[in-house]
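Next up, some structures in structure tokens.
Two complexes are shown next, each including subunit A; its partner changes from subunit B in the first to subunit C in the second.
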Partner chain A sequence: MRNIGKKSLPYRYILPAVIFLTIIFGIPLVNMIWYAFADVDIMSGFKEWVGLKNFSFLIDPEFRKTLLRTLIWVIFGVAGIFIYGMSVALALNKPIPGRNLFRILVIIPWLIPHAFAGTIWTWMLNSNTGLVNAVLMKTGLVSQPVSFLGEELAMATVIFIRIWKGAPFLIMSLLSAFQTIPVEVEEAATIDGAGKIQYFRKVMVPLLKPVLVSSGIILTAWTITIFDIVYIITKGGPSHATEILSISIYNKAFIDNDLGASAAISLFAMVFIIVLGYLQMRSQNKVE
Partner chain B sequence: MMTTMLACGGAGKKEEPAAPANPAKQDAQTADTSQEADQKDASSDEQITLTFMRMGSPEQATPIFEPIIKQYEEEHPNIKIDFSVIGWAEALTKSKLLFSSGQFPDVGFMSQIGYEFAEQGLLLDLTPYFEKDKEFAENFTPSVLESVKYKDKIYWSPCAVGAFSLWYNADIFKQAGLDPEKPPKTLDELLDYAETIKQKTGIPGLAVGAKAESDLTHVFMSVYASNAGESLWNSSEQRLTFEDHKDAAIKSIAYMREMVERDIHQPNPIEIDFYGGRPLFRDHQVGMILDGVWALKEFRSQLEDGTETLRTASFPSGDAGCSSLMGIGGWAIPSSCEHPDEAWEFIKYLQNTENQSSHGDQWGLLPILKSQKELPQYQEYYWEPLINQTETSHGIIAHPETTFIETTIAQQISDAMMGKQTPEETFDNIVKTVNDKIN
Partner chain C sequence: MKYRTKKKLKDYLLRYLIIAVALLLTLVPLYVTVVTSLTPADKVGSAFILPRYFEWRNYVKLFEVLPMASYIKSSLIYAFGCSILSVVIASLSSYALSRYRFRGKPVFMTALLAVQIIPQIVIAIPLFKMALSLGIYDQFGTVIVALVASAIPYPILLLKGFFDTIPVTLEEAAVVDGCTRLKAFVRIILPLSKPALMTAFALTFFVGWDLYLYPMILTTSSSKVPLTLGLSRMIDFYTPWEILMAGTVIGILPPILVYLLTQKYLIGGLTAGSDK
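Then we have the complex of A and B:
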């Protein structure tokens, strides 16, 4: 009896958290799966079962374009965060003057709410009244305002803003992870004749891999599901140029009044993220 | 975002029926409720809290309504008003979520997104209240009260009315050698004037917004109706009139394209909507904008500086005359409201001459009450064209899928303006997409 009580103790400790998480995540998840197979809208609620009809988006050419745009958004966004974030983290790991101040400054983008960041960038990048074009024109770098939010550059612009917003998370994670690398390792590598790049590639990266993998999973999942900042800046336009999965989900639910199709796309996105996360974690387990 | 949306347990789980089974029964219940309210003592001891919402910005709404609320609470000690503001960007989303959870305020601002809610029985039919309070009803401009009806019923008491007109800068006109006393009267003249301004002064003649927003649809609807002689939307038959006036439709789409093709506008029109031209007009960086009375609040200091530099004129005419789009927002009561009579009394208070004028003056709204028309504040030079515009205006698309229809039209017109498709392709896409949705 005492053994059963002892064995069940860990489960009893985590039970409140499990109940809480079930309520917070489980109920919407069940709702989402249920809605994905039904004709349902936000105000009328459930109307009838429709089987796989809501998944017809998978063969819609427009959805394939949305998926492609989402992949571009995720790949370049996450890669940009890693390149920029790693560079800044390495720089801030050096004993440079004002290092602590710089460390505080790099966190600021992360602290700014997405909605506020989106509004500020929209204002700054406006062709006619924005600060960025005013500076570019004044300095003679351009003779005409650059249409950062026009069709050609809109995706690059939102990816840039994503990198600006997301990099601080990676920077802080890496700065913490750098502290776990013993100084002796760098000294030993130097003695063995390793250059800076060799040291980075063959010593630092393998030691940082667990952090890089977990950060990569988190950043990828976040980037796929980001809605507010893109919506505020471009609303998925112009001409669908920045319509990623999350915008598509919103439009289906609130513009097309089709919560079922919206749930189906959400389910697709969730499965995609789970598969991606599984593959990345498997890759980490292999290394370990 | 997905979790929040799908956690809404309200959808499909309402405790009360979403739509009254018998509208006549609803009318009878409303009338009965009114009679019961009449019989109540005016100084009832029952403490009631009414929730009240305006769409817009808190910075704009709060100074207008806080004094009104304070005064009302002093005059009605048993009533407390709980005020909130919903931003325009989230108006549609938040309204749907509020209705799905049964939490839409007792008195809430409603606009064209409300037809969907009215269709689902989520808004109280205010027609019996208007019929009962004849003095209140007769103070409204008849055309406004008529235009706000949906399926012959009134679902919101109109308080925010505006129609697209032409705003122009007299100084820029003079610089370009144009007579400020003779603003463009036709759509063709509008583009010609804009071109002259650009050529002679280097200043863009017309602020053009090609961004796919609802105001692009509204400008297009104004152009179309001015060419076709009929609104884009047939309310009684609940369908597009595009196919009835195909030539006018294609001509109007081509006109929108011409706005971008000709060298008359500010750089990169795809980045802004038509309302986005206001800062440029305010700062004298553009000669003309197509906008309504809502723009007034942003130019007030210049309008009242005595120079009469910024002026208003009628929306330019097309082949069939002038017919600009008129938007009508107002105060609605949800059908789930527990105190509809008290909510109605508050609406009447909001719309007495003094409060409606205060709201309209500070917000930039047309005077819609007969009792407002002679007030001194509406005698200024810029008011007359704006007020007269309502006589040559038509209403917004009144259908449960208004949002979808407006978004579709906006996207298609935007693509046409940027040269991504021909006017004919645009016409076909609009007709097919809208008809597939509504049929």
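Then we have the complex of A and C:
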């Protein structure tokens, strides 16, 4: 079978994908690297080499705040997705009346485009006429409408929306991973007197470790550089309250017209992505 | 025995409580969106729980104040362009990965995994410059190519996993009967792969419909603005919420529809890889 057809055949089949990936990821990544060491204008292009000048953001106290905000965003975003996603997945794991319908319904936030997750939640949390504030006021829990997108709460709000939108994918992965645990394993554990929590900690978590590690790494990588959802809801504001790395990358290029600095921050972000990618590769090789 | 049923009841209650929270968080926003889209402008904010009004004219107004037909057309071009092209390109690549051993295969596989975690925002700006200098700025095709490149790694790996489960002997028989490899692939393998192809189609359709950053940086003319971009721009201090929610209903219907139509394949397809 293997020698039917020419040797070039598999290359012809993968050629379209290779071309697409090279144009959209390969070339831009290479360009990003040299932009980081040059003065590049968004319209006129290359002006001159500037060495490490573009990396001066590293000693900028504003950038340290951006990093801190990104850290908060990633830690709470990923932890929230895991806690919420794991709870829902465990609740749906074993037969319960209505399970099939529930499984279909809880996936919905994953399908809703980021832009509309943005419009829906901005409306829900609107401080004048939104539903959440209406309920809070009616029940007397608050006397003044809560400004969910104000400076103090904006970060918490976008993290919440990120969890809402991001958890369903984890729920799906976990539900299918749960099915790989043989029924006998739980039976044996129960006979041996393991309680629910013990069973979860001592049996399920170790068995599911590969899945948990790899989804944890991927979710972290995605969360570090998410742009859409934050930009749509807050544009990084109010007064920088939600300005995370990805928003800085965008603003530097399109607001400050400083491609070099934007590329330098991108390069900085890529270091974390590459480390995560390496960890991911290693964790997958271990499984195989 | 009594102890056990009591324990089981407690277990059920806890699980239903979690499910109830999840359903509330999922369905209430959708319900409020629909109800708001049918509320007259001066009543918005006072009618949430019971659908007291049925102001379908909000939808008419939406089409009057915004170029909705153009937004929808663009979104459809992006979503179908992305999904159809992705499925074709991905099935070819997956076939090569599943049936051939060739030099560079591990590199290609690694690149697929890497692309999945390379952030769009990082490549967006060099991409914008490249599109400008190549003269392909502000074209549907450019955005679609960017979308396809971002969307295909997952379907390629998914389809490869599926093709691996189809015995090679099926094609061998066809090739012996005088079929070419490509013909054997199209006539025999593809029809057998319907669940995986549907899953790949749905996933890439979602990516194409969800797009935001690529059209924002790669296009400028209003005829190329998709629904996502056009509608979310309306969020500001004086947002006409009943109109924006009408637009949101239209914007979330297609992916939900595609999901419902393909979900019997989707759940199986997504989990196909991990069952083994």
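Criterion: the second predicted complex is superposed on the first by the 255 of 288 C-alpha atoms of A that agree within 3 Å, B and C clash if a C-alpha of one lies under 4 Å from a C-alpha of the other, contacts with A are read in each partner's own complex, and residues count from 1 in each chain.
Just so it is clear, a contact is a pair of C-beta atoms (placed from the backbone, for glycine too) under 8 Å apart; a residue touches a chain by one contact, two chains touch by 3 or more.
What you are looking at is a predicted structure, and each value in this text was computed from that prediction instead of being measured.
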item	value
Subunit C versus subunit B on the shared subunit A, clash or fit after superposition	clash
Touched partner set for A:Thr129, first subunit B, second subunit C, both or neither	both
Touched partner set for A:Leu52, first subunit B, second subunit C, both or neither	neither
Touched partner set for A:Ser266, first subunit B, second subunit C, both or neither	both
Contacts of A:Met32 with subunit B and subunit C, given as first, second, both or neither	both
Partner chain in contact with A:Thr225 - subunit B first, subunit C second, else both or neither	both
First (subunit B), second (subunit C), both or neither touched by A:Ser239	first
Contacts of A:Tyr13 with subunit B and subunit C, given as first, second, both or neither	second
Dominant toucher of subunit A (residue count), subunit B or subunit C	C
Which of subunit B and subunit C A:Asp256 touches, first, second, both or neither	first
Subunit B versus subunit C as contact partner of A:Ser147, first or second or both or neither	first
Colliding region between subunit B and subunit C, picked from 1-9, 73-81 or 127-135 after the shared-chain fit	127-135
Touching both subunit C and subunit B, counted on subunit A across the two superposed complexes	24-25, 27-29, 31-32, 35, 40, 42-43, 45, 126, 128-129, 225, 227-228, 232, 246, 249-250, 253-254, 259, 262-263, 266, 269
Subunit A contact footprint on subunit C (complex, rising order)	11-12, 14-16, 18-19, 22-23, 25-30, 32-33, 36, 44-46, 48, 89-90, 92-93, 95-97, 99-102, 104-105, 108, 110-111, 113-130, 132-133, 145-146, 148-150, 152, 156, 168, 171-172, 175, 180-181, 206, 209-210, 212-213, 217, 227-229, 231-232, 234-235, 239, 241, 244-245, 247-248, 251-252, 255-256, 259, 263, 267, 270-271, 274-275
Residue ranges of subunit B in contact with subunit A within the complex	1-3, 5-14, 18, 89, 92-93, 96-97, 99-100, 116-117, 120, 122, 210-212, 266-268, 270-272, 279-280, 285, 401, 403-404, 407, 411, 414-415, 418, 420, 437
Subunit B contact footprint on subunit A (complex, rising order)	24-25, 27-29, 31-32, 35, 40-46, 126-129, 144-145, 147, 149-151, 225, 227-228, 232, 235, 237-239, 246, 249-250, 253-257, 259, 262-263, 266, 269
Complex contacts: residues of subunit A adjacent to subunit C	1-2, 4-5, 7, 9-11, 13-14, 16-18, 20-21, 23-25, 27-29, 31-32, 35, 40, 42-43, 45, 84, 87-88, 90-92, 96, 98, 102-109, 111-116, 118-124, 126, 128-131, 134, 164, 172-173, 175-177, 179-180, 196, 211, 218, 221-222, 224-228, 232-233, 246, 249-250, 253-254, 259, 262-263, 266, 269-270, 273, 276-277, 280-281, 284
